[in-house]
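Okay, so chain A shows up in both of these, paired with chain B first and chain C after.
Let's look at the complex of A and B:
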């Protein structure tokens, strides 16, 4: 059966794409389309655009981006208040029933405060009827026949998040997937139709003439209406819960990516570094201060070295020539002369001792210079000390310079490290963490409320259905009393019998489909991963996905790559089993896959999805030469994303090859 | 020779040098220097460049920039060595006012050199001064 193919994607004023048409090559063979681009160039927004166009949701947005309009931010910012701009994503499909063009359009209005709001949200599908294009009457229904919204995660796959999605998948979701993808809803529709037909049969009886039946019929009508309403509510609630779980997983993933523990470690590092830098800075300043004051202290003997040496020479010459006056105590001589008594005891008043007196008087005259001699000796001592200091100066300077250099190096290294740590911390948006946590808590609360409502509704529905059957039995008994309604009774019995048979067929089909899905999952998984560590994956009776290892279900302990391969296998199996023909879009398909498995994935893409259009949004590091060579025979188109950093716009251009 | 009668003589600097010192005191480590340290620095720059300039009479009308009592023995020895080298006689060592007068001439002569050296980049004074001293050390070794 022919698959559904995306022929063209038009992006007008969507995120970083101002006016972009990506037209896929129809002539060449191959089913794989490559759109290659670096992170931030717009790969995920192409993935988002496809999701948005089909289902009105953007899967791969940062939580803070949800508050932004889908239009290009620069264009929106340039808008004057109370004017609007239009965003369009248009996807042209080639389907077995002809070409279809899905177009989602937002009219984004800028209010007086400059805030955006979506003034108009249109979804239209144009299809070829005969030779003309016409607007299809029920676009949501047409999309649901191409791919049910709940199943989009298995066709429009976010490689980064698939592991999360897959780890959190519940058995009832697997059951529902198999149910929906297998189109068993057709059998359910038949059952519903029979139920409706039974009502029609019963309403054919003129109740005015049958008051006994009338009360039962009224009761049955009321009950049926209630049951239908409750079932509708139940479906809606379950869908909302499923969505909420997926959103919660995404928030968990975002939190995980933020890595709170890592942030704490970085914070500790930052504090430690800041303290270290403070100490180093103080050390540095103190060293500089000490160096400065030591330089001031040490400089004179170097600068006046010549003067010092010359002074010392003069002093030395004077000493050698005995021209320096001797050190004589002036007061002592004055005392001797005042008392007229020599040191030897001679009386200086006596004539014969006049020569002694004269000697003492000469010595006293010399003693007047003895202070100067002291000063010169002192000066000599000081200058010699200065010379000793001078000899050490270059050593001291070198030591200071080395020590200051070392501190400065350490300071620079610490500052550099601090800058790196701060940059890493700066990349973490604490408001974002808070917002995610708040969103997550709100989601958990809402899920709790919804699950409570689901439980109540299920009990109410089950009680009402039981009641319905009881009343129906009473009704049938009453009806059986009346021969004139024999035909109606037989028709009603036939309907009941048919409904019971349909139920059996449905269960049998479900079992068969489950078995087939299980077998296909095993086949694909074995092709992707040849590890014998665990048993082949199974889908149990209660639709639980099981990978046994040592007798336990090891599905949640698989490696990232193994889980991703399991996800791909399950997706391919569901696709094959269900016969849904939607294209497959995978954003970063190999991001979490080890190099050793990448070529297996290439083979698997070629073999398992040969009949599907597969659009791979890959980074440069994923789309290696080895991987490219491996899938090239199946590559229909290759595109490259170009990004203009200044204009904050991207464009998709066809690969030169 | 009997000059010791002048008790605690004052040391004068020119008005221009005083202004240079005032400006220097606005920068980093210079704030921590005493007047006598600044004076000694100026003397050294004058001596290093072999430049003297007598003070004008107007310079001595102001109160002295520092006094003998603030100088250490080492400072005095330096100033005396300069004076002895300048005059070639040891006797000057005992004439403190003369020693200071010679020092004042050198300080005054060093004004522009000091100004240029400091204010070219006050933040890198230590680095430049260290490198100057190292250069002098290396010259001394050769």
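Let's look at the complex of A and C:
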């Protein structure tokens, strides 16, 4: 089967593209188109433009861009109040039923206050009928035949968002994807419509003549209206929850781009450094104080060092010359003489000991100066202590200097690091982080409230449907009593039968498509990740995605690259099963894929998606030489995005090679 | 242009394979075509078309 390919994209006054035509090469055989550009150059806005043209939505917008009109901001700012400007995105397609041109146009008006509003929103499709171009009567219908809006996520893929989605993929998301793919909604709509249609059939009965039926009919009408309203509310709420999840994921991505974890780390570092600097500063001051106090204590011996040394010399000389008075206590000598007994015990009264007595008397005479000798010896001791102290001065100074230097070095290093951290933090737009965080918290709160409402509504609908069936049975019993309404009874029974058969088809298809999706996901995943660490992915009866590792489901603990590969495998599997032949557009396809898997992705893109036109919007760091060499045989076109920073405009130019 | 989807063909095939009355199968096929045509309408109008199909069959 021939796939649908984009031949040309025209961007007129759309975001940073003033007037741009990207024309794809039709002669080449490859199916892959590369559009390469740095972040901020407009890659994601090409992705947005394609989504916007087909479905009127821009999938990948910064939160602050949601409030901006789709036209170029500079052009809008130059507009005078109460004038307008036009934005056009036009995509020319080659389809099996001929060429088609999808054109979405916004007329953006600037009001008196300078605020924008969309004055006109047009979608037109031109198609070749015979030899002429004609406007197609129902553009939405044609687009839904190319790619239904609810299936766009399988074809227009944001690599980063896909990875985030699969990091916490839930069974109801898998189920929803399979529902969308297997067109279960189509079968569900038919069942619902048949149920309401039965009411139309009952209206054929003249209820004025049938008061017993009239009561039931009134009740059924009322109940059906309630069920219908609740179901509409439920769909709306579910869509809002989906939208809220998408917006939450966008905010998460913005926070991630701002690298909130890094900011948190920097903040922690700043706090830590400031505390450390405070402690170091205190230590430094205490050490310095202790040093000075020691210096002051040591100052006297340093100042009078010369005097101490000369005094000590004098004392030593006197000691050597034995010129110092004896150190014997005066009272001791007096006691000896009073008792007339020598130290050795001799009696001093005896004549032969008179010389001892004389010596003691001489000593007593000298002993009057013995206190002075004591003082001199004490002085000598103290002077020596001072000398010892003086000798320690160098050691003390060295010790203090070393530890003070150490603290000072650490303090300087910490202050330097603090300055760096503060500079980095200063570069962060805190108001933006705060706003995004607040928006995210509000969204989480709202999602919680909505989920609660969804639960309540589901219970109400289920109770009302049960009640409806009970009343309907009573109604049918009453109706059966009346022969004249035989045809109506038959038609109602026929509708019931048809509904039961539709239910069978729905259940069978769901099972088959789940099995097919599982098989294809396994095939693709094995080609992308040839790891034996885990079992091939499975989709359980409850639509839970399972990748077993050591007997446990490891789907939420895969690496970023493995998760993204899982997402690609699942999306490609569903695309294959769907049979839709729309082009595939992938924004940042390799962002989180490790080097070791990149060549697998290249091979996979070549082999698994060979039957589709694949437009890859890649950054310079993704489109490495190695990856380019691997994919080049299948590359139809290569384009590069150029950005004019001053003019805030971008343009797409064909790669020189 | 008819639907590009192989799934739609598959639904029709499943209906054909049903072990059911031929009238039911015909009715289901036709109302599914109605559903395909109105699938992108916000307030789809189906009752008149359903009635016409049913009147034709019964």
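Annotations for the structure displayed:
The criterion applied here is as follows: the second predicted complex is superposed on the first by the 340 of 657 C-alpha atoms of A that agree within 3 Å, B and C clash if a C-alpha of one lies under 4 Å from a C-alpha of the other, contacts with A are read in each partner's own complex, and residues count from 1 in each chain.
By definition in this document, a residue touches a chain if its C-beta (ideal position, glycine included) is under 8 Å from a C-beta of that chain, and two chains touch if they have at least 3 such contacts.
All of these numbers come straight from a predicted model, not from anything done at the bench.
Shared-chain residue A:545: touches no atom of chain B or chain C. In the overlay built on the shared chain, the residue A:140 is in contact with chain C alone; chain B does not reach it.
When the shared chain is aligned, no partner comes close enough to touch A:617: not chain B, not chain C. Contacts of A:363 after superposition: neither chain B nor chain C is touched. Once the two complexes are overlaid on the shared chain, A:580 sits against chain C while remaining clear of chain B.
Comparing the two interfaces of chain A, the one with chain B and the one with chain C have no residue in common.
Across the complex, chain B meets chain A through its residues 1, 29, 32-33, 37, 40-41, 44, 47-48, 73-74, 76-78, 80-82, 84-86, 88-91, 93-94, 125-126, 129-130, 133-134, 136-138, 140. Within the complex formed with chain B, the residues of chain A that make contact are 288-289, 291-293, 295-296, 298-308, 310-311, 314-315, 318, 371-372, 375-376, 378-379, 382-383, 385-386, 390, 393-394, 397, 400-401. Only residues 1-11, 14-15, 18, 20-21, 23-25, 27-28, 31-32, 35-37, 39-40, 44, 46-47, 50-51, 54, 57-58 of chain C touch chain A when the two sit together in their complex. Those residues of chain A lying in contact with chain C across their complex are 4, 95-97, 140-146, 148-149, 181-183, 185-187, 189-190, 193-194, 196-197, 200-201, 487, 490-491, 494-495, 497-498, 501-502, 504-505, 508-509, 513, 577-582.
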